[in-house]
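In the two assemblies presented below, chain A is common to both, partnered first by chain B and then by chain C.
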Partner chain A sequence: MAEVDEGNRPMFAGLSDVSISEDIPVEGEITVPVGSPSQDDECSTLDEPVKDTVLRDLKAVGKKFVHVLYPKKSSSLLRDWDLWGPLLLCVTLALMLQGGSEKGKDDLGPQFAEVFVIIWFGSVVITLNSKLLGGTISFFQSLCVLGYCILPLTVAMVVCRLVLLGGSSKVSFIVRLIVVTVSFSWSTFASTAFLADSQPPNRRALVVYPVFLFYFVIGWMILTFSPSP
Partner chain B sequence: MATPDDLKFQEFEEATDLLSADPGATTLSVSSTSTAPTPGDVKLDLSENEEGQGENSELLGREKQTGGFWTFEYYQSFFNVDTMQVLDRIKGSVMPLPGRNFVKHHIRSNPDLYGPFWICATLVFSVAISGNLSTFLSQGDPQYHYRPQFHRVTIAAVAVFLYAWLVPLCVWGFLTWRQGTERQTGGYTFLETVCVYGYSLFVYIPTSVLWIIPFEWLRWLLILVAMVISGSLLVITFWPAVRDDTKLTAFATVTTIVLLHALLAIGCKMYFFQTAVHTVTPAPSLAPPSSNHTGMLTSAAKSQ
Partner chain C sequence: MSVPEANKNTNTEAWGGFDDNLIQGTGSAVIDMENMDDTSGSSFEDMGEMHQRMREEEVADEAAATEEDTGEDGEFLGMKGIKGQLGRQVADEVWQAGKRQASKAFNLYANIDILRPYFDVEPIQVRNRLIESMIPVRMINFPQKIAGELYGPMMLVFTLVAILLHGMKTSGTVIREGTLMGTAIGTCFGYWMGVSSFIYFLAYLCNAQITMLQMLSLLGYGLFGHCVVLFVTYNVHFHSLFYILWLVIGGLSTLRMVSALISRTVGQTPRLILCGTLAALHMLFLLYLHFAYHKIVEGILDTLEGPNVPPIQRVARDLPEVATSLINGTVKSLGISLLSQ
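Presenting the complex of A and B:
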């Protein structure tokens, strides 16, 4: 033992010269977790009640709605994308656009399937177009943005239906025209604010034009909606 | 061979004159041909220069396509255009000049799919919406209940997109077959053909919007003007490709191209823009996509 100590002394002799500066905290804790994991483990959402899950998702959707209504260049809409909001808006819009039950095939407005297909297929085509032109936005992020920006048009649809309750006259048409025009330009402006940054500047117009066409067609469908007599 | 010698001799004289004036000047000998136009056997056929350039850049264009057709980059190479380029091509399609070949002058071995696709999409919606508006505006009856007639969008989409893809395929296939394996200067790739057809449809967009104005003579005048513009664009583009063939084939090809283009325009007008609601035809049953689309258009035109 004494030999070991003597042997050790030269090894550790230089340690006394080593100085550790005061501002490097060399401290820590080494504990081994024993026992069952704690009840409120934040990483696992499997055990929480369903109400919490639904409310959390609804809050995320609602926050994004607010982002769309006041479009600022924030990246949170792009970072935490989800497709619940677009689905909700698309289904609401398609249900409200149900054509009246008129006789004859010629007279029907866009059916549910047509509206659904136009919105989703149009979004996919615009996303593909943006990616092919060299955009840096990802596929689902773009779908998310385009879907959420339908919100002003859905609001316009609700307003139009309310206006049409008062009868369809020239005044109501002009009111509806103004509402739809305002909401369509709002949608285009909101989605451009999110999408334009991901494109090189000399191709921005090439990406914005299909978005404009997309919302124009949806606005047209809303404007020409006429309830069954 | 007196002419090249004369040129050389002249250059040398000029050089010696300059040298004698300033002996210390550095001399640079350029062995390229003189750019001064001389009479004789130097051909200054501009089309030939353009075609020579076109061939070189066509070869370069071939190298640009990267990857196989299952990769994303392959399709990205077809969208390699800027806003100004697209606008320039649209301008070139609206004002076709006899000297300028649209493919050589505007496309220049960078055929894009952006223009044809979005021009067709815009045309579909503009024709359907304008047709709807014109039917609505032509009603004198104040009790008329407005009907959106949304199924027409589907029909317009099928007609326009079939035309924009099948007809260039046929034209390209026919031209390639006639030329055999020899890469003649007038040969176009499939994408360039699609590009020309797509951009030639652009002039129909403002035409369809102007068709809302409910004067029959104005509509026929607009059709005529649009057909002249886009038809001449197609003729100017495809004439150099067929003029080396027999006269009959050349004329037949060009006539067929113009005829199909006219059929599309007239078919759209007849089907979507009707003046009285009681002649609204029920939607013709959509033929399977493999059938000839002109048959569908002519039947729609005939059912008027």
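Presenting the complex of A and C:
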């Protein structure tokens, strides 16, 4: 033993001079929590009254509605994405499209679940498609944009409902057709303005087509809706 | 015995450094227990006891290896089981390992990047492939090139769903068990996936050189003809027009698929089986789509449907007839003007 230590002594002689030696693997995890200001905000928003939270969220949703109605190339819709707006629009549209169109027990009109599933399943498919085509947008950002761009179609639904109150005739059909066509092209244009920037330039058409199809299907559901007598 | 203590006093490292035990050569690689920071869960007396025990062992046995083992055991023995630091460390490590496994599995299976190469297309390529799907190729002695791409087929299936929906609405189809949308999606996707798998299975039996991806792609592009025919005939309701379109357009797209398959199969009987099946399924599907969701020809259904109401019940709807009657009228007048010339 003593001989070994005698031999080791020169090796370890300068050990106290260095703090870390290569022979000793230093491992472990150092996680420094990044104290972001939002964290502080969240801590403090727990204590605020519910009315403030709801109003703040509603204001954010309203601001995004304005962005959709006047689609300029702004990134705020993408930056602070949220899914409240799409949920509100989806539920409103589904509720208005309910209530069938037939005498009798069989429900012909799209049910709430059907519309809901179409909108969300369609959005998911379009998002996956745009990601697979090389898009730089994230999953939830894309869902957010697609959901918010349903706003013109919801407005068209309200208008159609009002027009149908006056009875269904040729004139009302033509009016509804025009309204739905305008709003559907508005929706497609608005979502393209947000989504197309995240795609490589030569593939924009490949991304726009499913969006066009998606809003076309929703527009078609709105157009062919006739309320029960 | 006093030597290690003296050495400890000169130790300035916060982490209880390399004790001078090693340097001074007390002949052991024992980690000095009293310098360890994690003392939770183990009482001071235990540590002292362990230390004492170790020193006795160190004196008794001078083999470095044995003392190293004892040292390691001593480290473990010094903790009080699960409740102590050991338990916490083990739990932590189990958690980390589990998290690593889960994220590895997630990255493996939920990774859509697996599908990314199949969506790597340009719009001009899609357009060319759509046009080519209607043009049969004569070369059947050498394997024809089939593009393995999924974007075009998927978009075509969704387009077919949209067209079907339109057809179902205008024909006033009522689906009792289920929904219109569900039926349309189920029909189209079921056809695409189901028939592709079936033909792939037959191709495997008949020893044809085709992969599943190529089969999906081939059949998907073959649906382009279906989309065109249905789009036209759901709006213009002439039976003779439908039959002509069914033969011409449906036939062309079927011929394209069939010739691609023939070029990859050897032998008369396998070729016959494979291509006969595909042609039959493809043409019959178009026929089914047209007639199942077709606008009622009045009188026929009245005679067919007696008191029994079939599950797919056709009820006349209060639908705007403007568009359809407009188009019908236009085509009729065009036909009349053409005949009169």
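Heads up, the rule we're going with is that the second predicted complex is superposed on the first by the 178 of 229 C-alpha atoms of A that agree within 3 Å, B and C clash if a C-alpha of one lies under 4 Å from a C-alpha of the other, contacts with A are read in each partner's own complex, and residues count from 1 in each chain.
As a convention for this text, a residue touches a chain if its C-beta (ideal position, glycine included) is under 8 Å from a C-beta of that chain, and two chains touch if they have at least 3 such contacts.
None of these values were measured; they are calculated from a predicted model.
Chemist: Could you tell me if A:82 is touching chain B, chain C, both of them or neither one (first, second, both, neither)?
Modeler: neither
Chemist: Applying the document's definition of touch, where does A:174 land relative to chain B and chain C: first, second, both, or neither?
Modeler: After superposing on A, A:174 lies in contact with chain C but is clear of chain B.
Chemist: Any idea whether chain B or chain C touches more of chain A?
Modeler: Higher number of touched chain A residues: C.
Chemist: With both complexes superposed on chain A, which partner does A:209 reach: first (chain B), second (chain C), both or neither?
Modeler: In the superposition, A:209 touches chain B and chain C alike.
Chemist: Does the superposition put A:225 against chain B (first), chain C (second), both, or neither?
Modeler: First partner only.
Chemist: Which holds for A:197: it touches chain B only (first), chain C only (second), both, or neither?
Modeler: After superposition on chain A, A:197 lies in contact with neither partner.
Chemist: Scan A:133 for contacts with chain B and chain C and give back first, second, both or neither.
Modeler: Both partners.
Chemist: Please identify the positions on chain A that touch both chain B and chain C, taking each partner from its own complex.
Modeler: Correct list for chain A: 102, 106, 108, 110-111, 114, 129, 131-134, 202-203, 205-206, 209-210, 213, 216-217, 220, 224, 226.
Chemist: For the complex, give me every residue of chain B touching chain A.
Modeler: 72, 75-76, 78-79, 81-84, 86, 114, 117-118, 121-122, 125, 129, 132, 145-151, 154, 280, 282-283
Chemist: Going by the contact rule at the top, pick out the chain C residues touching chain A in the complex.
Modeler: For chain C paired with chain A, touching residues are 12, 17-18, 22-25, 27, 62, 64, 112, 115-116, 118-123, 126, 151, 154-155, 158-159, 162, 165-166, 169, 174, 176, 179-182, 313, 315, 317-320, 322.
Chemist: Would you pull the chain A residues touching chain C in the complex into a rising list?
Modeler: 1-2, 4-6, 8-9, 12-13, 15-16, 101-102, 104, 106, 108, 110-111, 113-114, 117-118, 125, 128-129, 131-134, 168, 170, 173-174, 202-203, 205-206, 209-210, 213, 216-217, 220, 224, 226
Chemist: Can you list the chain A residues touching chain B in their complex?
Modeler: Contacts found on chain A: 99, 102, 105-111, 114, 129, 131-134, 202-206, 209-210, 213, 216-217, 220-221, 224-226, 229.
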